[in-house]
Amino acid sequence: MHEVDLSKFDLRTDLIIENDLKNVVNNHYSDNGIEVDDIVLKRNNSLHKKQGKYVTISFKDITDSLNYHHVLEVFKKELSNMLDYCKIKSDATCLVIGIGNSKIVSDALGSKSLNNIIVTRHMYLIGNVDKKYRNVSILEPNVLGVTGIDSFEIIKNVVKEIKPDFVIAIDSLCARTIERLNCTIQITSTGITPGSGIGNSKEELSLRTLNVPVIAIGVPTVVEASVIVSDTINYLLKKISYMKNNVNNLKDKLKPINKINYLNGVNELSQEEKQEVLGYIGMLSENDLKSLIWEVLTPINANMIVTTKEIDFIMEKTSKLISEGINKTLHRI
Amino acid sequence: MHEVDLSKFDLRTDLIIENDLKNVVNNHYSDNGIEVDDIVLKRNNSLHKKQGKYVTISFKDITDSLNYHHVLEVFKKELSNMLDYCKIKSDATCLVIGIGNSKIVSDALGSKSLNNIIVTRHMYLIGNVDKKYRNVSILEPNVLGVTGIDSFEIIKNVVKEIKPDFVIAIDSLCARTIERLNCTIQITSTGITPGSGIGNSKEELSLRTLNVPVIAIGVPTVVEASVIVSDTINYLLKKISYMKNNVNNLKDKLKPINKINYLNGVNELSQEEKQEVLGYIGMLSENDLKSLIWEVLTPINANMIVTTKEIDFIMEKTSKLISEGINKTLHRI
Amino acid sequence: MHEVDLSKFDLRTDLIIENDLKNVVNNHYSDNGIEVDDIVLKRNNSLHKKQGKYVTISFKDITDSLNYHHVLEVFKKELSNMLDYCKIKSDATCLVIGIGNSKIVSDALGSKSLNNIIVTRHMYLIGNVDKKYRNVSILEPNVLGVTGIDSFEIIKNVVKEIKPDFVIAIDSLCARTIERLNCTIQITSTGITPGSGIGNSKEELSLRTLNVPVIAIGVPTVVEASVIVSDTINYLLKKISYMKNNVNNLKDKLKPINKINYLNGVNELSQEEKQEVLGYIGMLSENDLKSLIWEVLTPINANMIVTTKEIDFIMEKTSKLISEGINKTLHRI
Amino acid sequence: MHEVDLSKFDLRTDLIIENDLKNVVNNHYSDNGIEVDDIVLKRNNSLHKKQGKYVTISFKDITDSLNYHHVLEVFKKELSNMLDYCKIKSDATCLVIGIGNSKIVSDALGSKSLNNIIVTRHMYLIGNVDKKYRNVSILEPNVLGVTGIDSFEIIKNVVKEIKPDFVIAIDSLCARTIERLNCTIQITSTGITPGSGIGNSKEELSLRTLNVPVIAIGVPTVVEASVIVSDTINYLLKKISYMKNNVNNLKDKLKPINKINYLNGVNELSQEEKQEVLGYIGMLSENDLKSLIWEVLTPINANMIVTTKEIDFIMEKTSKLISEGINKTLHRI
């Protein structure tokens, strides 16, 4: 077994919430079943993340219209707070950028959201506009692999040319746990690196590179196969722990096995029990387990980036929510 | 541990090739790196499958235009053989049915393939048609969840009304191993049950129910999360076996660990070694392992049906190949 | 000139409102700038039309959200009245059919409207449904030229199979005046003949052929080139009439010529004046003029069926209004 | 009648071929029914057009696959000639720009053509590329009304940033005769003014403004209603002329009136005959007629910009031809 390289493998995540947040001040609240984590990181923070404000909105589902409405309300409130945090004035002009590839549905959150943004800059160019509408323009730079042009090259030059007071960038992200897939909206003041989620590291979009505040909005829409595997192994251990602790639970005995939600259980297995169930693998730390699985899948091209079968429908709803929230925050409508 | 129900769980597969074929006559051949398995099952066969002809075409990739061409040639040849097997005459009229939901890209193989089928029945209705064109019509019944109407109800009545001599039904399938995802075309003489791959069992389309031969063409485009997990655990065991046997392989030592294709190794681990690595889990039979993982993921709604991020692009190519192959087989063009 | 065949040419129209309605009882009203004509024809009526109720809703524009809302309210009210007229009970099951070709945007009103219909029949099949939802299913038969199957053959058999209590059929129509293009919704109790607007006469969908009431909803989205020409010649005469009567109108003299809305003028030119301006053509009756232009354009394949450049955008709004109105009428939501 | 303003109204056209070319050297040829007009204008030419090379390819139809192939061959040859004329070297890098609004099908020629362009610049950025592929990138700036940003602002800055050796710009044009609609490809060395066809005059894309050669490819896909009317009045006069001259033509008497192609006739009507038929209107010059009709339709918002009902299908074919021709000209494939 010693041949397997289990050296630490710091799996990068797009989502602040997937980090270990125990030493971080988290202004957390719940609202209609929606969890909001509001974290402000200082320079040189323990997470080695850029300083700034990171808001994470976690929800169960927005395909139900009532839930959609609740999430929209929270998103509007938090986006508005983010504008205040970034000291954006009520008449500041905004460029909304849709990152990603519009031809790949799981990467099209940016593009699809732009479709519904209320654009006004051209009306400001020619005359008087109802003052309840802010000066807003949009840009869809597409991706390097499609256009042959790095999206940053396009964005940088357009920002220099039209000089917006701030930028909102919308992107699909890569989740590091299946629980977050299509169930999280992250809003940050720190900008975004297009395509970073899937390993094509490029120049970031941020105040530093564009000279205007960049508010990033991201939703995880894809996940690596290796994440599905490591999550499942963790679930397996939780399930066995639950079973052990509920062996005499009469209520459970009356339920079909597929209806027992073992995540409610709290006890953890001991190291010995883990080894009994999962051998050497059971004793690995979470990071080591992830690295191992990554190493199993990658050399045989099996570490696919996957998305759910219903992604077309979910993307429709998510992009509608993002654009509706942006419109109602930017404009007084 | 004994609470875990590991009773046999016969996971149904849409693909004949994913069964244990050791007692079956398989007329196998390779052509330009494409593997073809041609199996004819008799009544009361050991696989408990319907009697008939099952052809499986396995390939690496059709996004490269040379590979596309090779696979197209094989597909045409095998579809033509299937028509002969089903005793379809050269002037027999054909109804091509696209099964699935056109609004979900991973389920839209049928719908997308229909877009390119050369349709002639309406020209036959009004007069003379160049005899190199067969009488062909198409039908896209969509799915129950979208229309409120079982697709079988629509198909049965249209077949009764327009009386085609035979039917070709195209559908997206659910794979049981990630290796087959988007890399297999199955052609069968036994018909198809729409939506069966994802657990919505409905009435089958077949000679028995429609009174005309039904040739089914399927491509696996989605996979359950549990399959990804069980496949990975098998890969893990193979990798460890390979590592054990190649610990002193100098050539491997010079390669980055992610470039070593351990699938080339042949040796298997002993039961003891499996237990050392994976504990109790390592000793499960393949079916028991699959059942266990299914039981872990299903109660917490994590057994998602997933598809690859590139599905839009792959579907474009696959549907083009299917329709081009059908056109060139049905018509003399 | 006598060689020109000017025999009467009864240009058929899909829209009741484009007929001479002077001997017809028209229950007309206006609401927020929307005109509603509600006509009930008896058997053997002077228009030689089928007996039944014909409602025409005429509006200026629904791309503005306020107008959209007003038109939606009127449409809902009139569709609801039509259900009452046809004696449809509140729990009667409904099949909504989208006529036309989804791949041609100007013909895709039916298909696009179906996308947003709330479908419930499959839920009724499996159990209890909240009683505020009616039992509704949808069908998109596509067109003969695409499928090789007459849409009537599909519809007739599906209606026989699933036995809805009534049918709503949505179709794009052909306008006979450019003023009506995309600005009229017609609701009738008399059914519809798919494709009739553009000369492919087929079997009608109606109570007679389907044995259940058929409510048809149509919007004119295309127009023949010849209609544009004959309308323009009529406008030319009106303009000249206006100019003659306003030669000393000081207010007009201060306006750019393109801002003078001459349609406000009422006087008509005399026959002599018409001849002076337009010669022989000026003296033709409206029907003769239309026939002549049709004869000029048709032999040289110039009588194109055209649609406006903005059709994609207009179709988006119109189909949304139709489906929203149907949902709110069929279901109690 | 004297109130009608008939002052000359110089209707601008996007197509060189719609000008009076009698004093211009036209290197004309026919090939498989395709007409090619190859005009090189000097500085201070009689057409008051920019100096440069203007190639017009006129064809009947490209929805037939044989015609498609013929037109493609001519297009490739003429595009290649244009590159030679502009002294583009075989290894010069190219930026292909798709002008227009991808959401309006009649304006989406640029966008749709880009979908199939073989892009390589990103591969050149990272290493060796097979030298048969030229360095090519693409840009889709969309339109001001959608993005709030003038497309010229985006293009200018991207050209400055990535420094292509030349630009190819693809756009949908506005036809001035219905005969040219979807039946003409124009290739020019003089660049293009985005949106100029429909009256939104903006900054041109050309060597002068971008500092690199700009080859423009345009296809007329829309036409003003007024053009349909003036064309029809001209056809009417031709038809009457033909009828007069063929009153005793026995062959015609055996044909249905709609099958007689009167465009074959050559004689023209005298001024008196025109006045008899069309009165004052019949005596107007072509330009005066166009101006008059424009003045009739514009004040009442009836001078719609229209496109053919089949535009979706035609656009599919045309964009495929343009992209295929560009790929085979830019790359050695």
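First chain written, first letter: the chains are A, B, C and D, and each begins at residue 1.
Note that in this section a contact is a pair of C-beta atoms (placed from the backbone, for glycine too) under 8 Å apart; a residue touches a chain by one contact, two chains touch by 3 or more.
The shown structure was predicted, so the numbers you read here are calculated from the model rather than taken from an experiment.
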(request) Mind checking the centre-to-centre distance between subunit A and subunit C? Centres are C-alpha means, answer in whole Å. (result) 47
(request) Go ahead and note the Å separation of the Cα centroids belonging to subunit A and subunit B. (result) 33
(message) Centroid of subunit A to centroid of subunit D, CA atoms only: how many Å?
(response) 46
(request) Give the residues of subunit C that touch two or more other chains, as numbers and ranges in rising order. (result) 103
(message) Is the chain-to-chain touch network here best called a line, a ring, a star, complete, or other?
(response) ring
(request) If two chains touch, include that pair; go through all of them. (result) A-B, A-D, B-C, C-D
(message) Help me check something: in the complex, which residues belonging to subunit B touch subunit C?
(response) 103, 115, 119-122, 136-140, 142, 144-150, 153-154, 156-158, 160-162
(message) Under the stated contact criterion, what part of subunit B meets subunit A in this complex?
(response) 1, 3-5, 103-107, 178-179, 181, 198, 222, 225-226, 228-229, 231-233, 235-236, 239-240, 243-244, 247, 257-263, 274-282, 292-293, 295-300, 302, 304-313
